[in-house]
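In order of appearance the chains are A, B, C and D, and numbering begins at 1 in each one.
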């Protein structure tokens, strides 16, 4: 006996469902414009009293046909669209796409550009993890204070991107064979200032949040992800490392100049929401270390390979898959070229979507309030999930 | 008064000692050590104003006029305090988050409450078709009435007690207990199954926190020896060496009672870590879903007035009502001290709201039943011990304080360790 | 002891509350209309056409070669080259429309333009009430002087002038010994300008 | 003046209780009961027993009303139609009268047997401390027994609720 949905003013469409095994169930559709679903994402949650019995994620509301578009525009034309994938980390999206095309065309990249790419990627990681901590705390109910501190720090980094690439979030900065604009010494000094101040901010943030008993009670042993499930579901990024699996592309692939920098990869032991939060906080401290080393060792020189072609870029036929360790996980671009200026096939591996597939397994047995936090700890951005 | 033996026939043989001097000293009218007479002008100002207005009326009408003035004064002061509180909350929350808070309406956002009020008044007041119209209308009215009724017994100054009741504290909590009925009416009258479920949840929260609230003030009544708020404030008069006031919060049972009382007050007024109805993880805005326009504003006015009333009672019970913290500061009028302490507590409410995340409903009730109620019961024990040992002096005083502190801190640590066994910050290994 | 985490959290919020009154680091709000926000030099919004000299339309550097129209990912540029009386295409755009509602200010048109005719503007207060014509900028709205270009992107403009001057010198050198009607030299792709 | 006040209070108590009996909507009748309990509290206030009045408000309007409302809601959970009152039948009327008579037979002698003290002009001045001392001294044992009964009742309710849950 399933009746039609009854919309309530706050946007949650609820419907009473009678399940022979569990008695009266409550089917709730949270979203697509629910305040705590990080964008246009809908969860069809079936509740038995307080506990989640079934949870079906529904997404696709933000699908913009990114990959088919990629096939009809030139290689360069797709670069600004990669900013719109995971609109929190445009620099790492650009780098992944540029890496794939360089692998496809065998395009060398000068030293200074590689250093700049590492610096920008680590700045993006700082930015993303800070915002994740802010959103997670917002979901647990802290009335905006941690989120505002996170956004205060994010603004500083976005100002850096604006000073370098011209736009805060849609940077469109990397090119095949290097970067578009050189970083002036003043800009590098500004980065050094912000990186030095970031450690103090993280200490203050941890003092506000990490020891907080209410947060401990709300997030520990909530949404536990077992290493076996994580590996079999193809989870990558901090979620995987929080489950205790040691897999970080910066160490595995050694792309860019990461082998030159020494940094450690934090691993969680329980794989619950608290571990996902703490692994990201510790990763931020490692990123600060990498940034300091990169800023100290950045050489002068060209930032664009002189032989790189801007227009009429026709890589020889073939295929390539370039991937990097983005803040949300392994973001990869798979390209097939048939010699024409447009790629034959343009595929993006979205870490948010793949991490999202285990949402139901994490939420079973928890209450609705926990399901909101578990979704927050997975750190999805709908631009990347729907493409 | 026959010699007061507190524990009936069973205890009489054991405690045959004569306690009257100890109890009597508490109830003697407080003589101001500084010898300052009662008629300081600022102190009697409100009374002079009132007598100026109603002095000429014959007796029955004069009493009526006086009480009317008291009622109007309370409603005007606390309604404007409610308005300023909403603004203060948004400004403080803003400042905590490194932003200015509302500053576009009037200087520094001072007209923001006016703007909110006008918005609430002009918003359409939708009553669902299936709703039980009478109850739907009555719920906010009853809730607000009960919130305002509780202000009658709080002593705002040495001579500013609206109603002198012998069982004033019981009156205060009786009115507070009836608010649950109004919330049930709101939940039931909206004829919306999910707002009824949420109302049940809010009721569970209120009822489970009423017990610690009531148990928390019993040690204070033991110490003061009377249920009348004026008596309790009188019992907290005087200073030890002009510096240490005899406030109940400075005694071990009083301090533990104060902490429990404040946590329970947070829960009773649906404030920060316990504001379940506004949680977005709830399906809807709790029992307030079907309310809009001014009825919605009335609910919030009732919540804020409830917060003010509970803070006022906390000041009266634990923080020495209108007494000055130092003997030297006695010249400042008493109602100023009451206002300062009240605002301090209200800022504490806002401060907590700016910092803490929200508790889940099962954690919330577990905190009440497995943590606060046991502590409050043990606090009764400490209160009793503290009252019986008031006459210990010299070396015994240290023993008395030691035993009392052990009785307060011991169970807290024991129950706390049980919590920390399940949740503790972790250390992480690096690959 | 239970509660220390909560107290530390309260201490942090208190520090921020007090800090917001005296420490600029803890009071980051810029009240925009009253206090103007300082834009970095590399900031880019919508493109504009550069013209030399005083005549906005005649002095346009754009030669209507339609490279930007082809390379623009969302295809928001629409060019029709001008024709003189004998029907031969002149090196001037008769129509140069840019649909501002489609443009995502990705500045690929600036990168691929061989004649440095189109540059990124920094003027962002361009709200219009008209949804259609207000957002379709024509050649007249887009044309802005080289001096304006110097005012918003000083270093980049200086570099572009150097390249243009050097190209003109090379053209004259080649034109003097050879026949005067030599075609204008094709400039190498515009090297990246440093960011401040 | 005070007898008029007494009259209105009694009218309020009996009136609201009577109306509550014949209402079709259960929740409204429970709320009318709450009004009659409030009337009883007002009666205590009129009689000068403030402590008793506030205790009545705290216990009845605070807690017992909640219990009755929860009970009403929980029993209706099985979606029976509203409690329908069948047409009057002779057998039920007879049963009603007999039960009424038995209760009256017990109550009326008890009322007649007790001789009430002469109603003094003003209510006796009386302080809460005095009540506390009397309770603890003369009626200490009675208090403990009442406390014991209440805890047993509470434990019984908890066991009942718990066991019912496992069974369903």
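Methods note: a residue touches a chain if its C-beta (ideal position, glycine included) is under 8 Å from a C-beta of that chain, and two chains touch if they have at least 3 such contacts.
Bear in mind that the values here come from a model prediction, so they are computed numbers and not experimental data.
Looking at which two chains touch through the most C-beta pairs, you get A-B. Computed from the mean C-alpha positions, the centre of chain A lies at a distance of 46 Å from the centre of chain B.
Per-chain Cα centroids separate chain C from chain D by 82 Å.
Centre-to-centre, using mean CA coordinates, chain A is 30 Å away from chain C. A separation of 63 Å divides the Cα centre of chain A from that of chain D.
Within chain D, not a single residue touches two or more of the remaining chains. Across the assembly, chain B contributes 96-99, 354-356, 419, 425 as residues in contact with two or more other chains. Of all residues in chain C, those touching 2 or more other chains are 2-3, 5-6, 9, 12-13, 16, 28, listed in ascending order. Contacting chain pairs in the structure are A-B, A-C, B-C, B-D.
On the side of chain A, the complex with chain C involves touching residues 73-74, 76-81, 145, 149, 152, 155, 159, 162-167, 170, 172, 179-184, 186-187, 204, 207-216, 303-304, 310-311.
Contact residues on chain B toward chain D in their complex (touch as defined above): 2, 4-10, 132, 135, 165-167, 170-171, 173-175, 177-178, 180-181, 184-185, 188, 196, 203, 207, 210, 225-228. Within the complex formed with chain A, the residues of chain B that make contact are 93, 96-99, 192-194, 272-273, 275, 279-285, 289-290, 353-363, 419, 422-426, 428-431. Residues 8-10, 12, 14, 16, 28, 34-36, 50, 137, 139-145, 148-149, 152, 208, 210-218, 220-221, 241, 246, 248, 251, 264-270, 274-275, 278-279, 282, 367-372 of chain A are the ones that touch chain B when the two sit in their complex. Across the interface of their complex, chain C is touched by residues 92, 95-100, 351-352, 354-356, 412-413, 415-417, 419-420, 425 of chain B.
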